[in-house]
Structure formats: C-alpha cells, structure tokens
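Chain lettering (A, B, C, D and E) follows the sequence in which the chains are written, and residue indices restart at 1 in each chain.
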C-alpha cells in the first residue's frame, strides 16, 4: 500500500505568502507536492466556510498564511483575520473538528525558505495524523445513509 | 455554455523539465467547458501570444486559462493579448505551474497531478469570471520625495523638470545626505561637494519643488494617485521666511561643545547651527536638547545678535497635510559604528574609525580641514591599516550580505591617504576586490600600482592598543595563512552598510514590505527594481540595498521616469477588482440588512450608508454602498458580511467556492 | 546566620599542584558562612586528554560527576577550575540537545543523569554568594594595579557558556574594582596560556604565557589575577621558561581571585596558600578599608 | 532548506566530518581569521584555514596530509577560532574528530609523540585511580616519552611547597571507572 | 403586573405609541405574545413566570416595522436584544419605548437606552448552571468523542430552522443558508448538513448573541445548540473583553481588532 499522501490546501494572501511562494520557486527550494495554493487578495478575504468546505471535499490538512502583523498591504486585513481564526479555531475545537490539521502562519514575500519549511512540516504532521476519515465519511457516505 | 481555451506553457524547459505538459494539456482538453487545449514552448513569446489571439477568434472562446509562470509575472501580458482578440481581459486567468509547481517539485506523477488540479481550478474559476471594465481614478500630479540625499535630489529634479510639482521631506536640517559628507568620489576622484552642491541649490531654486527640511512623514493614507500625507515639520526655532542665513548667531552662540552629527563625533558645533557650510537651506536650527535657553531659560544670545529678528523660541512643530499622487522613497542607508566589533575593542580605541569618519577627515571642510590627523593625539599617522569586509559577509554577526561599495571606497581612501602622506604606508586587509563597475578595477589597480597601497588578502583577527600604537593581528592567506602583525598609527574599518534607523517604522506607515535587514523590498529584483508592491510608491538608492552613487542616481532617474509616466494622463486606470454590495428589485432593494458590521473593517473608509427613500422622501431602509474610487479590493468586508450581500470581482464567493471544489474533487 | 549549602567540585589539580586555590576558596567560603559540599566519590573530568582521544569518554567522565551531584540532591555546583567548568557545561549542553548520545552516556556510566544542575564558575559563585557580603566583612583595600586574566575556557564557547563577553570580559574586573583595585585594560585577557602543553610542549607555554606576563608587566600591573589552576601553574610555575622567552626576569606575582578576596577580608596569607607560589607574593601595605566602593556594573552580556 | 538534492553518500573526509560533527567545511571562504587568531598556528605545519582548505579539495593526498599533520595535535582547543569565525565553522569539534580518526587509522604524526604520550599517561592515571595522580602521571609520561631529565629540578621545590602528594587519591567505585573506560577508550569494535 | 398595565394603557391612551408588544393568556394556562393597539385591549395583557419568550424578535417583523413607534414589555433578555439590535442599526431609540421588568418580575418602568444599559448590566446572564456543566463536560472529552457527541446531538435536526426563526439576531432578509449557487450549506438534514449549519450559525452569532436561550427552547428536538453560543460568548469576553447587549453603541468583536490580540498558534 503506497505511503499515505495527504491532500493539503493552502489559502494564502497575494501580497506576502503568494509572493513568498514565488520566491521559493525562483530560489528552487524543493518542498512537498501535496499542497495546492489558492490565492486571495488578503487574509481578511479568507472565508471560514471555505475551510470546512475544503475538509468536506477531501482535504486532510489546510494551511492559512498571510502577511506578518503591520506588514499587511491593506493595513489591517491580517488583524481581522487573526481574530476570526481565534474564534473559528475555538468553535471548531469545541465541535470536535481536528484543528491540528489547520496550520496558521505569517510568511512574508522575502521568506521563501520559511514557506517551504511550513509546507514540509505541515505535510509531515498531517502524514502522522493520517487521512481525515471521520470528516470525509461524514460528508460523503453519511449523506447517503 | 462556456467555451474555455487552455494553454500550457513549457517555459523553455523550466516547466517541461518536471511537468509533462502534453499530458496536462490532454487531460485539460476533457474538462467540462474546455473546447481548446494546447501546450507550447513559449506562451509569453509573440508566436505564443498570437496563438491565444487566433484561438479566441477561431473558437469564439469565452474564457482563457494560461498555465505558465506566476500571475504576478505575465498576467498583464496575456490579458492584453485577450483584449487584442476582443475578449474582455478579466476573462483570462493564469495557473501557476512554474514557481508553485515545476520549480519546487521533483519530476513525476504527483507533480503532473498537481499541475492538472491547478489548471482545473483555474478553468472552474474562469467560468465564473465577469467581464469587467477598468476604473478611472483622478491623479494628483504632485510627487512626494522622502529623503534629500543624492537619490532624492535627482528624483525631485527630474520630476520637477518634467513639469510636475514635487514635495521633498528631509529629516536633517539640510539636504545632501551621506554624499555631502564625502571628500572625493570614486572612480574619478572629483570632489563630492563640487558636484553635489550645485544640484542642491538647483533643488532649492526650482519653482516646482517645495522643500521641507528638519521634517518627517507622520502618516500616509489613500492609494496610488490619491495619497494624503501628513508631514511633521519640526520646530527649528528660526523663522525661515525672515532669516537670511548670515550665520552670526552660530558664531556668537556660547555653547560650542556639542558633537556635530554631520562630523560623526569628530567635530563640534554650537547649539544653534548649520550642519555644514554648503547646507541647503542655509537656515540654522536650534538643538532644543542642548541649548542652554531650553534647559535653563537663560542665555538668548542668538536672539539678541540676530539683526533680522528671526529667532522664534516658542515655535511649535507643524503638521502639514498634502495631497500627492506618487511617493519616492530615497531615505538612504547608514554604516555600522566601530563599537559593533568585539574583537576590535568595542569602539573604545579612538584611533579606530569607520569609513564615513575617514571621509570627514579627508574632506577639506572637515574637522581636520583635510589633513590626516588621528583623533587621539592629532599626529599624522605614518602607518595606516584599512580593514575591508568589517561586519559584511559575516553571518555570525547577522550581516551575511556584501555591502558592495566598501572595496571601492577603501581603495579610494588608501589613495587619498597616500596623496596626503607621501612617506606613509597604507595596508589594506581585503577578502576580494569587488570593483565591477566602469573604470572601477582600473581605479583600484592605480591605487595598488601607482600609489603603493599594500593589499593583504585576509581578515584581521584582533586589534589592540599598546604604547599608543594599534597592533593589528591579521592573516595573509596567500602566504599559507601566515599571521601578519602590523603596528599601525590608525585603523579604518570599512563597516557594513545597513538600513537607516527608522526605516521599519516608515515602511509600516507606507505599507511597503521590507526584508529582515530592514531594507525596503522591490516589487521584482530584475524586472521592477525601482517599484514596490504598493502601486504608486517607488524606491531609489541605498534604502533598497547598499548602492554607490551612480546606481542611486540611475535608480532615481528611473523612479522619476516611472512617476512621469504615471502622471502622463489625467486619469489612472485601476484594476476593477473591487467589492460591491448587491442590489435587487424593490421592495428589498438589496440583501444587505444595514447592520454595517462591514463599515469598521474597511481600511480605506470606502463603505458609506445609502438611504433608500420612497417617492415622497421618507426613509425605507439604509444600505451599505462601496465607493469604487476608494475601495482597494482587500475583500475583508466580503468575509465579514453574514448574509454574503457583498462580493468582490476577481475573488467572488462562487469563484472561490468552485476553486476549492475543483481542486479537491478530481 | 543560617549557613548556605552549595555543591562543590574541586577537581584533581585543586587537590594536587594547585592546593592553594582550594584553600583560598574554602577560606573565604567559611569566613562568609557558606558550606561547600563536595560531590561524594567524584572523579576526574578528563580535561583536554579525554576529548582529544575519545568523544564518549570526554562526555562520560563529567556526566558521572553530574549524576552523582544530582543523586546527592545538590542544586548548584561550584566548579573553581575553568577547564572542569568548561567540560561540565559543554557536556550538559551536548547531552541535553542530543537525546541518543544522552541515553548512550547514561548507559556507559550506569547512572541516570537528568541535567537540571546549575553549574557555576568561580566568578559566578562570587557574584551570587560573595559580593553582597563583602561590604560588611572587608578589612583592607586591595589598592594595587592588577591585570585580570580570564584565559580561554572561562568565556568561550560563548554560545554555550553565555557568561560575560568573549572579547574584553569585565566580570572579574568588576569584582577587583569592588575590592578597591585598579584593574587595567590590557590585550591578553582571553588569549590561551598553553594549558595542557605545560609538560608535553613546555616551549609553547614559555611563548604564550611569556607574552601574557610581559604585556601585563609592561602596562604596570602589580599582580596577575586568575581564575583557573592551569593558567596559574603556567604563569607562575613556568616563570623560568617565560623569562627565557622574554629575555628578562619578570617577578609580577600571580594570585587567584579568591586569594585577593581573602587578603581583602584580612585572612592570614598562609591559610590562603600564598607561600606555595613559585613567584613570591610581596604585595603588602594595603590601606585599611575606608568607604564602600561604588562600581557601575558594565553592560556585560555579549550582544551584537 | 531541504537537503534532498545531495542525498548521495559523501565518503570524503569532509563528508564524514559533516556526518559525525555537523561541521561543514564548505562554508569556509578562506578568510584566514582563525589562523590569524590561533595562538599555536606558528607551531603548526598547516594553520587552521589551510587545514580546512585541504579538506575542501577532497583530494586523497590532501586528506592524508590532514590526518598525518602536526596541526591536529598542536591545537589547544582554546575556541578562539570559532569565537571569531564569520561563517561559524566550528573547528574545535572537527579537530577532535580528526584526532580520533588519526589514531584509529594509525596515521599519527611522529612530531606529536610527546603530546599524545602525555594524554595517554593522563588517562591511564584516571583509569587506575579515578583521579589524576600527578606523580604517577610524570613517571608514566617519562617512560612513554623517554625525556627522563625533564623538570627534574622542579620536583623538589613542588614537593617542598606541598604541591606534590606522594600517595594517590583513589575513588571508591573503581569498578565504575573501569566500566566507563572499557565502553569508551578501550572499546574495540568501534 | 398592574403597574405594567397602567403604563401601557397611558401610552396607548395618549397615543404616544401605536402598538404595545406584550403577552396574553393562551389556551390552557399557556401564554402567547400579543400586540395591543387600543387602550381597552390592555385588560388581556398579563405577565407571569411563563412569559419568558424573547419577544424582541417581533421588532423586526412587519407588524412592528409598520408601527411608527411602539412599546414593549421587556425582561432583561429582551432589553439586551434591543440594545444589540440598536448597535446594529436595526432599531432607532426614538421609535421604541421599553417597559423594563427584572427577572423576578419587578417592573422598573420606562427605560431609555442609557437606563437600559445600566439595567442590563445589573441583571444576571441567561446561562443556566446546567448549561455551564454541559460545556465543561464537552470540553473535557477527547477530540474524537467530542466530534461524535455533536454529530449525534445534531442528528435529530430536521432543518426546520425554528432556531433561526426564534432568534432576534437572525433578522437577515435572505439568509445565507438559502443561497444555492454556491450552496455553502447543504439543504438536506444529514449529519454533514446539520453540522455545517450549526457551525455557521454559531459563527454568525459570535460576539452578537446575548444568550437568551430561545434557540434551544424553540428547538422541537431540544438540540443543545445554545451552548455553542454560550461558549463563544465567554471566550470572546475573556479574549477581547467584548460583550453583546451591554450598550447601544458597540462594534461586535469580529468587526474590530487591536494590534496586541494574544494568539499562540500562528507560526
């Protein structure tokens, strides 16, 4: 049985982390291919319902990353996002959704290396946690029951 | 039904080396809605682009997905190509299969599958794109130049000569920056004051340039074409309109023992001072911290002697608000001081100085009027040691980069020393002589061959003082790493070039990104060296990274060029990727409930309360309305709105939903 | 006044060729009400010989001592000898950061070393337990010009020891200034004295220690203050080789910092073991202690 | 940075150093600061920076010169080189490893006979008594190095000053000491 | 109770208000909300320990929207709902008269918004001790068990949306759960649909819910969905020192930020 390859979706902000991931590319720093990047104008734009939608559609891990505090291109997008994640993480944890599978980070446009490191470390952690069966089962088989 | 065209690029073999482009193109052809899918070696080349144009016309495409490099790179190129073919440019999307895929993964199925997923994601997104028209925004044709060094001066003059208004803000009492502190400049050894002072005067006399010295940027709001900037003009305690710069007050001021920042601690100045003779504006400033009047309330001699009655002790800081269309950051750099080096004595040896201090010593208007006099006892140093790479290329000290200009100015210093002290010996401990500019290497060779500077390839391990001499212990790696010990009279450390103090705060006020060394980050190292990621804000000179004068001036002219073309037309077209609140037929008029939880989150105050009234004017309901001129498209309000009444073009709710859906349900 | 109990590791040289260092440490501790509890059945730390020849041995010998100290319930361990202090701290650092080596060494020494011991060199011991008691016990002002010599292993490797500054350290100077001494600025504070070559390559010790003694003497120091038995034996016992290297006889005496404190407290010279030095210590006519000496504490951490 | 691209086994001496001690000689750009600051570089056949240069080439004859060099034995481990190295190349643990390899491969430089005899005598004394018995050390060192007359003058005055104890101090748990030496220095199969 | 009637009658008589929202006797000994427009109808107005429904709900319905100004019999939950609705620009102070009643049933007379804020601060919160115990119990469970607990708890849900209908804060004209393209929340009441619906509702009420408990009381299958909001309200109070229903001019927690929000999970 081939080793479990997690499906990871990364919601990133266009100005910092997306550009940071570009820098990882131009510096040819290798990282796991299990991650797929979805671009947003700002972390403030990332809707929490997209995260549960991602889990429901089969994602095993999610990375949410944007500009460091005070670096946001729009001044405060990341601050609102930070509050939203604190509340969302609380309600998810309370409802039994595995928040270890959601990794939040700040990656600036100059931190190509950090992006590769975040992806690789998340990939390792999710590999340890294994596929998110309970949620996938909920959103696929249980629908038919 | 959607008719999508998919174009997979090989990017030479940058992509095809690890991603099987034909296979991706083949799989993409079967995606629902895709009617045309090919792969080609160079999509961004002319033939590549014309391929897109023809395909749009031939297959009547309603959407285009180009899978190649990062959209931050060639999105404009392909959108322009689609516009040429008559397809609305915002119906064209790019899938990033180079920076985010081929360059960072190993060749194999997993990478191909990722490329396929990313392309499918973009196809699903493009199906839900709307045709958009770019937004026209008025442009204030005034430029703000922050920093009055050589870069700021060049940028201001070029913009002013292009006929636009310029506002220059300089933190020090006079413009000129570090260049005004230099003695002579490489590679031509022409005197720095002689080539800079005329340009400084030109700035003061240019009718288009409004100069604020002893002033700092307090805050910046708005966006490209429409910035509002608050400038704090610190109180000089002198009325600039009245003072004629006679300088009598500076001679009569009794308190003369204050170290002069311009002379880097090697010269003194009075409490009311002009930093250097050729200062522009030639208006003195009262140093409130050290002036006896401000400390004890007595003295006021300067007020007594001033015939023009220009002294204003009660002058307050002034906040000036200006509207500008573009900002040029030319705040320059600084050099590490000698106390940064534990092994060279933590800065306690007076006769160990840094490069800038040597410049002041060699400068005719300097504290020693150009004579080589060592700070401790004023003797002429017979043996002098220059240490290159002091702090630079030294990850242990947290500075891993090369400061670029020290090799050149160290060679210059050795030459200046030999011109002034013919019987003296100059040693230079160096790592590599990095003299890559025009006539640069010839300049360093002249220093070695004609002026007899003794170059030793190796670093200095320790410097200590004994009997008034500085014992320099270094190595000569070209002589089997033999230890070299020199009894020197003076040592000059070519210390690392670092960001100016306050650079980080300025970057945060302007929302421009900066790197871990607090140098400002350019939009793209090769293709956009003078722009930042924030539209309308440009970078020139050493604030972006250590640079010499020719590069700073070239970058400044580059910035002036960019700003001139920004001001070329009265209106600025802006990306139409902004948010809007939905509107429906009466009696609801909109799904917005008027709770206005979105209003406080907008950083640009773009959300207004619109009153919906019936025919006879009484209020039916209040709705949120987003002013397209102010909205910058951050999308925070979209995620905050509970009833999802706000959406944003380019990242609509349905686009993002189906992107995630397409990505995972392969 | 309730006695403070501290763990103590004298080390082999403090019971052999540098007995006077142990005597002076015990003397000032006893005078100021501090009880030094030696580690039961302690063994030699292996010094340079062990890590030169075998890695596991160089970690096991110190680890056994640290394990014994933990078993005896000690919280702090005062280690006057700079070489032993360096071996203990580097061993603790390495075992705490390399779990496989940690288990391996535990296996070799047959004990469970946990690593929650605070290891203090002699200056940290003075700063923490001696300094504040000085003012009401000091009898004489040590009004001499002294050159404080730190040697190499007391301040390096700084990233692991993070004690004082690698270049131009000041902690010993501050202690000596508090005794009323005038501690000079000189160039060889942290240059190596030749340490383990004392027997096997004496000519090098002549050169290295020669430069150190000459520079201190040249700048008018009346005594060299050290905090390591190996440095002391090279600078004191190897004085003939030093004089041969310098081509002149220098009789600047070499004192341990604990002996200097002892003299200031008025403890008898023989109890402090001054008579055991090869270069006779002629220092006398100390001024009786007048008023408290204020020394502004230099910013001493190594920050760049 | 993920190291996945140089996964091929590097069995050069510098490769083994990187594996065993984590020190990468490739970081050194030959600035010579270690050689300049090293107190005993004048006694060495190859100053520290030159030694590293030889390891960087990876050529067998250079690696042979390194293992047979005087430098690795005359190094005092005084940590001055790493304290000032701009690229943080940690030379002391590298020197330790080179010494262990030089002994294991029997390539010890004859000029360092005295230094090694001293270390061996030092460790013999600890193995027997658990502590350093200085008299025993001198006797053992002299039999190994044959310079019998060294410091003969010094012994009487040391004895007079009470710095030389006749009888050795022996620890109680000598079995533990034997066990430690058997598992480390005397360990054959390593 | 008499005092309330007197005030109500006067208001209607002097035509200060066109409508009074209160309770009247229902079948058996039940009570039901009632809307009085004429002074003589006030006789049917009653107030006893059964009048616990949060009638602030009707303020956003047509019957109240049409009335120019109205009065309402308001227990502390209703008062807090009114303040929170006012902070969300849904109610104008001049259009409403609040007849305040404490939980014990003591009438505190007419309250303007200022007085209402003081009144709501003094009154105890709606959370019952057994709710707090249930929150602790769930938080103590391991992750997997918590997940199964909630999936089971939501399984009886038939998506009747009574919780939404009974909550004064759910006044959106077109609720997000009714959008079909994209269909954020599955319509069908299967386990996945229910979990997502209740999570979205809890997030929408984060920092806005005044913990009146109506959602649980109106749920036909008694799903403990009110403790989701209780837990979040406590969390938001601790983290951001922000509490709903305490003042009329107020920005809920998720529409404001400070640069020093404490978090320990962002790398």
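Basically, contacts are C-beta pairs under 8 Å (C-beta built on N, C-alpha and C of every residue); 3 or more make two chains touch, one makes a residue touch a chain.
Values in this document were obtained by computation on a predicted structure and should not be read as measured data.
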Starting from the defined contact criterion, work out which chains touch subunit B and subunit C both, please. D
Would you mind checking the shortest number of contact hops between subunit D and subunit E? 2
Taking CA centroids for every chain, report which one is farthest away from subunit A. C
Taking each chain's centre as the mean of its Cα atoms, which chain lies farthest from subunit E? D
If you tally the C-beta contacts for B-E and for B-D, which one comes out higher? B-D
Centre to centre, by mean C-alpha position, how many angstrom separate subunit C and subunit D? 23
With chain centres defined as C-alpha means, what is the inter-centre distance between subunit A and subunit C in Å? 54
Between subunit A and subunit B, centroid-to-centroid distance (C-alpha), Å: 31
If you look at subunit D, which of its residues touch at least two other chains? 4
Two-or-more-chain contact residues of subunit E, please, as numbers and ranges. 184, 254-255
By residue number and range, which residues of subunit A touch two or more other chains? 29-31, 48, 53, 70, 76, 80, 84, 116
Which residues of subunit D touch subunit B in their complex? 4, 29-37, 41-42, 46-50, 84-88
Subunit B contact footprint on subunit E (complex, rising order): 88-90, 171-176, 179, 181-182, 184, 204, 251-252, 254-256
Sites on subunit A touched by subunit E in the complex: 48-49, 52-53, 56, 69-70, 76, 79-80, 82-98, 103-106, 118, 134, 138-139, 142-143, 145
Subunit C residues touching subunit D in their complex are 12-13, 15-19, 41-44, 46-58, 60-61, 64, 107-110, 152-153, 156-158, 166-167, 190-192, 194-197, 199-202, 204, 208, 237, 275-278
Subunit B - residues contacting subunit C, complex: 340, 342-343, 345-346, 348, 397-398, 462, 464-466, 471
